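Shared chain: subunit A. Partners: subunit B in the first complex, subunit C in the second.
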Partner chain A sequence: METGKKVQSEGSEKTKQEIMAERKAKKAEKAAKKSQPIKTTEHGAVTILSESIQTNTVKADETGKSKADLKAERRQKQEAQRAAKAASVTEGKQSVAPKVQQGKRIPDQIQADRPSVEKRLVKRYVSQKVPQLPPAERKVQLFSHLQQQERTLELLTKDLAVNQSKIHPAVIKLGLQYASGIICGSNARAVALLEAFKRVISDYSTPEQKELSRDLEVSLKPCINFLKQCRPISVSMGNVIRFLKRHITNIPSESTDVQAKKCLHEEIEKYIHENVELAGKTICEEASKKISSGDVILTYGYSSLLLQILLKAFNEDNKKFRVIVLDSSPRSEGLQFLRRLVAFKIPSVYMLISGASYVMPEVNKVFLGAHALLANGNVMSRVGSSQVALVAKAHNVPVLVCCETHKFCDRVQTDSFVFNELGNPDDLVAAVKGKPSVHSIANWRELPKLSLLNLTYDVMPGDLVTAVITELGSVPCTSVPVVLRVKHAETVQLTSP
Partner chain B sequence: MIWFSLKMLENAGFEDVLVIIHEQFKAEIADIPNKYGLKIKLDITCLQKNEDYGTADSLRLIKDKIKTDILVISCDLVCDIPLHKVFDLHRTHQSSVTALFSQTSPEVMLAPAPGPKTKIKQERDLVGLDLQTPRLVFLVSEADLTSENEEELSIRKSVMKHFPQISVQGNLLDAHLYVIKKWVCDYISENRSFTMLKGEVLPHIVRKQFTKSPKRNIDKDLPNADVSVISLNTAKRDIFSFLVGDEEEERIRSYSAWNDHRGDLRGPYQDHAIRCFAYVAKEGFCLRANTLNNYCELNRQVIKRWSTMFPDEEITPPVSKAQVGVDCLIGENTQLSDKCSIKHSIIGQNCNIGDKVRITNCIIMDNVTVMKETTLQGSILMKNSVVENSCDIKDCIVGHTVHSNCKSTNEVLVDADRLLEI
Partner chain C sequence: MPSLESEIEGIIETFTNNLKQRKFKGSRDLALNSVQLWKKIIGQMKWQNARELMDKIKEIGKDFQETSPSETVIGNMTRRMLKIVRDEYAMLQKGKQEDSDLQESLQKILTADEVDVDYSKNIPLLKPAIMEHIGEFLIELESSEIDISAQALEHIHANEIIMTIGYSKTVFAFLKTAAKDRAFQVIVAECAPFYHGHKLAADLAEAQISTTLIPDSAIFAMMARVNKVIIGTHSVMANGGLKAVCGTHTLALAAKHYSVPFVVCAPMFKLCPEYVCSLDQDGFNQFASPEEVLSNDEGMLVSRVNVYNPIFDYVPPELVTLFISNTGGNAPSYIYRLLSELYHSLDVQL
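Take a look at the complex of A and B:
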C-alpha cells in the first residue's frame, strides 16, 4: 500500500517509472494476498473499542480471502487507470487504497448515555412491540454508559397481552426466568436459549410470499430484544444467536418448511451436544489429570463445569481431595456449589472471599470457571474471581480456568468498566433472604448522595492465569485468538458451499 | 354477569374463550360480545339441563379443545387484580397449578342479605402457604375438615420436612381462578372420579406435590431377559407419567445456580416435579358472587369502584327528574317517574318505576314494574316481577308478583304455582 502511494506522488511520468510502478503494484498485490488474513487478526486483536482507529475488523477476517481477491482486481484496474491518467497533464492525485473498514462499530449496550442511540433503540422496541423497562431512578455516574433500568418482573409483562404474536410464549417464559435469576450461569443460559429457539422454530410457519431463511430471522428479532430487556445477554448466548442466524441464512431456498425446521433442530441438538456436553466431558478428563490425591482445591462461586470436573475426579477417578469454596454476597452462588458437593460427600470447606488470603497458603490449586474468554487472553468471570486469582498469584498457587470454546469471544477488554452488567441494587440491601430484618440502608433511594452499584462480572488479566483448560487441551491464555481463528476457519469452511 | 369475566380476560389479552354453560342460557351468552362491544370470541359448549356437572366434569367434556395450559375461571368472578402477575408466577416456575387468592376485608363476609334469615355459614378455606416462596403447601376447605375430624387439621410429616415455615390463613378468598398445565387436564380427563375442580382436584394435586416421583430408569427392573414379562398395564396411570417435557427443564436447572430456599440439601423447588403456586393479592378488588351475601355486596361495591376497575367503560347517567343518588346504576330504557327517589341501587333495563317510590339498597333486574308509593329496602327483585301499589318490602327477594298493600320483611315472595331458583 505505502509503496504504491509513494510512486504516485513522484508525479512526472517516464515509461521506466511506469513499469516500475506496475511491477511494484503487482508485488504489493501478491504480498497483500498472502498477508491479508494474518494482518487483520493482529489488528483485530489489538484494537481497543474506539471509533477513530482505521483498522481492519474481524468481519474482514471471516471473508478475508475473497476480499483480498477483489481488492487485488480493483487495484489492478486502478493502476491501469492511473498509468493512463499519468500520461496526461494533471498530476496524479494521491490514490487512496480502498478503505477496508471505517473502524469498529461500538455495540449499543455500552452507549446508554448517548441520547441518539437510546432514541433509536426505543423506536425499534416500539415497532417490535417489546416491553420497555423504565430507566433507573438513581444511576451510577461512572457506569452511565451501561444500561441501568428498574428491572422488576411485573414491568416486563404488564403490557404484554397473552395472545400477542410477536414474542413466543416460550421466549416470555425464558425471559422471566432470566430476569428472576432462575436460569443463571453461562451454560444454563445458552442451553435454555437453544431449547426455547427450538420451540419457536417448530411453531413457526412461513407466511406466503416470504422465504423462511429471511423471515425467520426477522421474527426472531423481537424475541431477542425482549430477552435483552429481561437481562443483558451473555457471551455464550451471543455466540448461540450468531450460530443460529448463520444457519438460518444458509438454508437453501428450495427446501420446505418441514425440512428446514428439521435441519435447524438437528443443528441445535448438535451444537448443544458438541459444545456443551462433549466439551464438558473432554474438559473433565483433561482437568482430572491435573488433580492428584491429597490436593486442596480452591474454587470461587458456582460453575457447572467445575462441578462436573470435581465430581468426576472424586467418583470415577477416585482421587481424594478436599475443596474450599469461596463465596460472596449478594448472590451466594458458592452455597449452591457447596450443596452439590456435599450431596456427593466431597469434603468441603465454605468461606467468604474475605478469607481468601488467610486460606491460600494451604491451597494447592485454584480452579475457576469463566463467563467468557476475551481475545487478548483476559478472563471475564463472576465479580470477585480476579481477586481470588490475584491472591493466588501472590502465593504462587497455580490458577486453572476451565472454559468451553463456545464461550470464547472476540471482544477485547482490559478493565471491568467498559462492558459489564449492573445487577439489581436492591439485592445489596436485602442480602439475607427469608429474614425480615431491616437493613440499615433499606431507604437508600432517599439519600441523594448514595448510589448502590452491583457489578456482575470482572475481568482478570491473562498473566494471572496459569492455563486455560478447554476441550482442545490445556492452552495458555494468549492462544485464545488462535482458537478463535481456527473456529472461524472451520465455520467458513462448513457454511460456504 | 359473565361480562365482568370476559372484560377481564379481554384486558389481559385473551382472544378466545371456551364457555361451558347450561343449554338454556346459550343464546343469551352468545349474544353478549355483540351487545356489549367485546372483541373476544366465545366458543360455547352446552351442558344438558338435567345433568349435574361439576367443574372437573366440564373440563373433561372439552378436553379435545385443550391444547396448551389453560386458565379456568368461574363466571361469577369480579376482580381487577392484574392477571399478568399470576401468569408470571406460572411461567417462571412452571407450576402445575397456580391459584389466585385475595385478602378480603371482613365486613364483606358478614353483610346481611335479603331473603329468609338463615344461619350464614361462611365457607372458608384453610390455605397453607410457604413463607419463603410463593408455594401452596396445602388447601383444605373448612367443610371437609369438620365433617371428618372434630376440627383437627392434620399435616403430614413430609410437608413439615420440606417446608418448615408454613403460614395457615383462613381469611383468604379463593378466586376460583386457576392456571392449569395441560398435563393436569389430561390427568383429570383420565381419572373419572374427579367431579369438582376446587373441591377435589386441587387438594389432590397439592397433596401429590410431596409424593416421591418414581425413578426413571425402568429398564433396569427387568432382571432376566429369558423370562417373559407380562407387563400389567393397569388402568390407572401414575400421575408422574403425565408429566411431559420436564427432562430438559431439569437439565437446565442442573446447570443453573439457583435455589428458592437455602439451608438444606434439596434442590430448587425441593426437587418436586409437581408444584403448586399461589398468588396472594394484597391490593385490588376481588369477589365471587357464589352466595347471596356476596352477590349483594358485589353489587354495592361495583358501583363504588366502577371508575377504577373499568376506566374505558362509562355509565350513562339517567336523564329524568327523579332523585337519583350518586351510587346508582340505571339500565337503558328504564322509565323513572318523577318524585321517585333511588339510593344505592342497581336497576336493570326496561324497568318501569312509578311515582313516589322510594328505593334504597336494592337490586332490580330487567323488565320489572314497580307501581307507585312503594317502598323497597334492601331487596332483590327478579326479572319480570311486578310490585304493585303501596307495598312496603324490606330485605326480601321478590320472585313474581307482589300484590298491593303488602308489607313483608325477610321473605321470599313468589307465586304459589311457580318456583323460583335462587
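Take a look at the complex of A and C:
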C-alpha cells in the first residue's frame, strides 16, 4: 500500500513539476512583455490588477495578438500533457488511478445552489443550443441543491430550431417522451436511449480532419444535455452513456466509418441482449423459485421486471398465488401494474400505501423493483418503496428486491435528499382534481408559505432488505460493491489494448 | 308523565338519527352534543335513586353504542356520566363536602374493587349536584382545545421541522398557537384517499406557517429531517395505543426508525377504556367506499379486483412518546391511571 502511494505521489509530482515549469516560463514571458510600453487604454486597470494578483488564469489582458499566442501555448501544453500521460500509461496503470481519485467530479445536477456551476451550465447549453428552462417559482428549501424548474413540453421545444444540426431528431423525440412520462422506468429508458443512439451513430459522418473516436463523443454531448433538460438521467442511462463512451474511445483510429458504426451497433445490441433481456430471464427463473403456491405477494408501484417474474411464475410454473398491489398518488403507477396483472388473470387486491399496515399481517413476501443499487448497499427506488419495506420488516415479512446488474452504480447515498429528482408539484393537485370533497389547493401559488413536494425516488437502507435477486444470483445488499468490482475488472479486461 | 318521556324519546331519536347520518363534524362536536343530550335527559327524566338512574343511562348508552360502534366518544361520555353519578353519590353519602379522594392509592384500586355500594338510597340533593358537575364537565370539554394549545410553546422549539398527517383540529390549534411566538416549519402528509392534509396545509399557510405538502409515499424519505411528529388521533385505547387515521402506523414506524419523538395531542374525552385485541375485531375498523381508491371509471378492473379502503389504523403504545391532553403531558404507560380517574371499572362493560 505504501509503495503504491509513493509511486502515485511521484507520478503526480512529475506532472506537477512539469506544470510548475510551464507556469514559470509563462510568468517570465509576461514580465518581458510588461517591460514593453503598456497601452494605457481601458485595459490599463486590468493589467495592473492582473499584475498584482498574479493568477495563473489566462485572460486577454493586453492585446488581441497575445491572446492568440496564449491559446497556442495552452494547446501546446495540453498536447505535452497528453503525450506525458500516454507515456505513463504504457509504463503502467499507476498514473490513471491517481487521476481518478483526485479528480472525482461532483455531478452538476446536485449543485443547483452554486451560482458558479449554474453559470457554467448555462454557458454550455447556449453553446450547444440546448433549450433552457426557467427556474421554478416556488422552491422547496430543503432541496435547493437540486434542479427545480418549470418543465413543460412547450418550454422545452420553444427555441429549438427545426433544422439545427446539433441535436438529432431521434433524440428530441426521445427527450419529449421522457419529459411527458411516456417512457418511464429504468429499463425502458435505458433501452430507448440505446436505440436512439443507434440512430444517431448511423446518421453520423465524420467531418474531415477529425477522428471518429473523438468527434462522435463531442457530437453526442448536446444530445445528452438536451435529454438532461427533459428529465434528469437515470442511473441506468448513466451507465449506458459511460459504456458507449468507453467503446467509442476504444475504436482504433484506422478503422473506417462503416466499420466503426457496425462495431458500435453490435456492442449496443449485445448490451441490450445481455444486460436487459438475458438478465431479466435469469432473474425470473431465480425469483420464481422463491414463490410458492398459496403465497400472498405484495408489490408496490410498477416494475417491468416484477411483471415478468409474476407472469412467469403464474403461467409457466403454474403457481397459484395472490398479489396485493400498493399504490400512491400522484403517480398511480400501481394502477398500470394492476391492469396488466388483471389482463393475465392473476388474482389481485388493490390498495393505497397508507393501508400497508392493514394488509401486512397476511402477506408472505414483498417483492420490490429498484431504480439503482448503491455501492453502500442501499436501494434507490420509487418513493414509497422504503416505507413498504419498513412496514414489512416490522411484521417480519421478507423483502426481496429484484434488480439487474446494469443498474448498479458506485455512488453512495445515505438519505433521500442529496441526490433525487423533483417532479412537477402540480401533479399533487391534479391527483385530486375530480374529488369535490377535497379542499382544493389549485391556487397554492397564491399562498406564499405553502410549497408542494413531489419526490421521485427514495433510498432504502440495506438492512430493511432481505435479499437482492440479480442475474448473478441472490445476494445480500452488502455484496453490491463486490459485484461492481467484478464488473469493472471485466470491462477493463475487455477494453484494454 | 308521558309527555316528558316522549319528549326525551324525541331528543334521543334526533340524536340517533344525526349519528347515523354522520352529521357531527369531528369527535369534539360529537362529545359536546352527547353531553348536552345527557344533561337534558338526566334533568328531565324521572328517577328515584342513583341505581335507577344508572340503569337507565346504561340502557340508553348501549343503544347509542350499537348505532355507531366505532365512535368510541359516545361510549366514553356515557361512562363519564356514570362515573359522575357514582362520585356525587359517594360524596353525598359520606355527608362531607371534601374533594373526592383523587389520590386513590394503587392498593386501593386493586383491592377495594368489590365493595358493593348500595345506590338505592334516595338523596334529594343528588340531582342538582349531578347537574352542576355535568355543567363543569361541559366547560372542561369546551376549553379542551385551548388547554392543549396553551402547552404548545413547551414542546416546539425554534426552527423545528414538524411532521403531521391528515387534518386534526387539535393539532391545527396547537401549531397556530405556537406559531405566534416561534418560527418553525411543518411538513404535512396528505393522507390519501381523503386528502385531508390538503386542507391542513392550506390553513397553516394562511396562518403564515411555512408548510410543505407531501404525498404519503414520501413519509419515510422526509422523516430523516424531521425533529418531531405531532398528530391528532381518533381515540386512545386503554393500553396507550392509538386508533388513528390510516397511515399513522407507517408514520409511527418511520419515526421510531429515525428516533423522532412521536407526540399525540388528544383531549381527555378521547380516552377509551377498551383494548384492541385484534385488528379484525368488531367496531375497531370501518371501511369507506372503495371508489375513493379505485374509481368506477376503471370498469374493467373494478369487477375483477378486491379493493379495500380502511379508515383506521392501530398504533401500538411502544411507538408513542408522549400524550398531550388538556390536563398536561403523559407517557403512554400512565394511561391506566388516567382511566381509573375518568371511568369506574364496573362501567367498562356497558
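To be clear about the criterion, the second predicted complex is superposed on the first by the 385 of 497 C-alpha atoms of A that agree within 3 Å, B and C clash if a C-alpha of one lies under 4 Å from a C-alpha of the other, contacts with A are read in each partner's own complex, and residues count from 1 in each chain.
Quick note on the criterion: contacts are C-beta pairs under 8 Å (C-beta built on N, C-alpha and C of every residue); 3 or more make two chains touch, one makes a residue touch a chain.
Since the structure is predicted, the reported quantities are computational estimates derived from the model, not experimental observations.
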item: A:Thr152 touches, of subunit B and subunit C: first, second, both or neither?; value: neither
item: A:Ser357 touches, of subunit B and subunit C: first, second, both or neither?; value: second
item: Contacts of A:Arg339 with subunit B and subunit C, given as first, second, both or neither; value: both
item: Partner chain(s) touched by A:Leu428 [first = subunit B, second = subunit C, both, neither]; value: second
item: Greater residue coverage of subunit A in the superposed arrangement, subunit B or subunit C; value: C
item: First, second, both or neither for A:Asn315, with subunit B first and subunit C second; value: neither
item: First (subunit B), second (subunit C), both or neither touched by A:Thr249; value: neither
item: Shared contact residues on subunit A - subunit B and subunit C; value: 335, 339, 342, 434
item: Subunit C residues within the subunit A interface of the complex; value: 190-196, 198-199, 201-202, 204-206, 208-222, 224-225, 246-247, 249-250, 253-254, 257, 279, 285, 292-295, 298, 300-301, 304-310, 313-314
item: Residues of subunit B that touch subunit A when the two form their complex; value: 12-16, 82, 84-85, 87-88, 91-94, 131-132, 248, 251-259, 261-262, 265, 268
item: Residue ranges of subunit A in contact with subunit C within the complex; value: 140, 142, 328-330, 335, 338-339, 342, 348-359, 361, 382-384, 386-387, 390-391, 394, 415-417, 428, 432, 434-435, 437-441, 444, 447-455, 458-459
item: Contact footprint of subunit B on subunit A as seen in their complex; value: 153-154, 157-158, 160-164, 169, 172-173, 176-177, 180-185, 187-188, 191-192, 195, 301-302, 304, 331-333, 335-337, 339, 342-343, 433-434
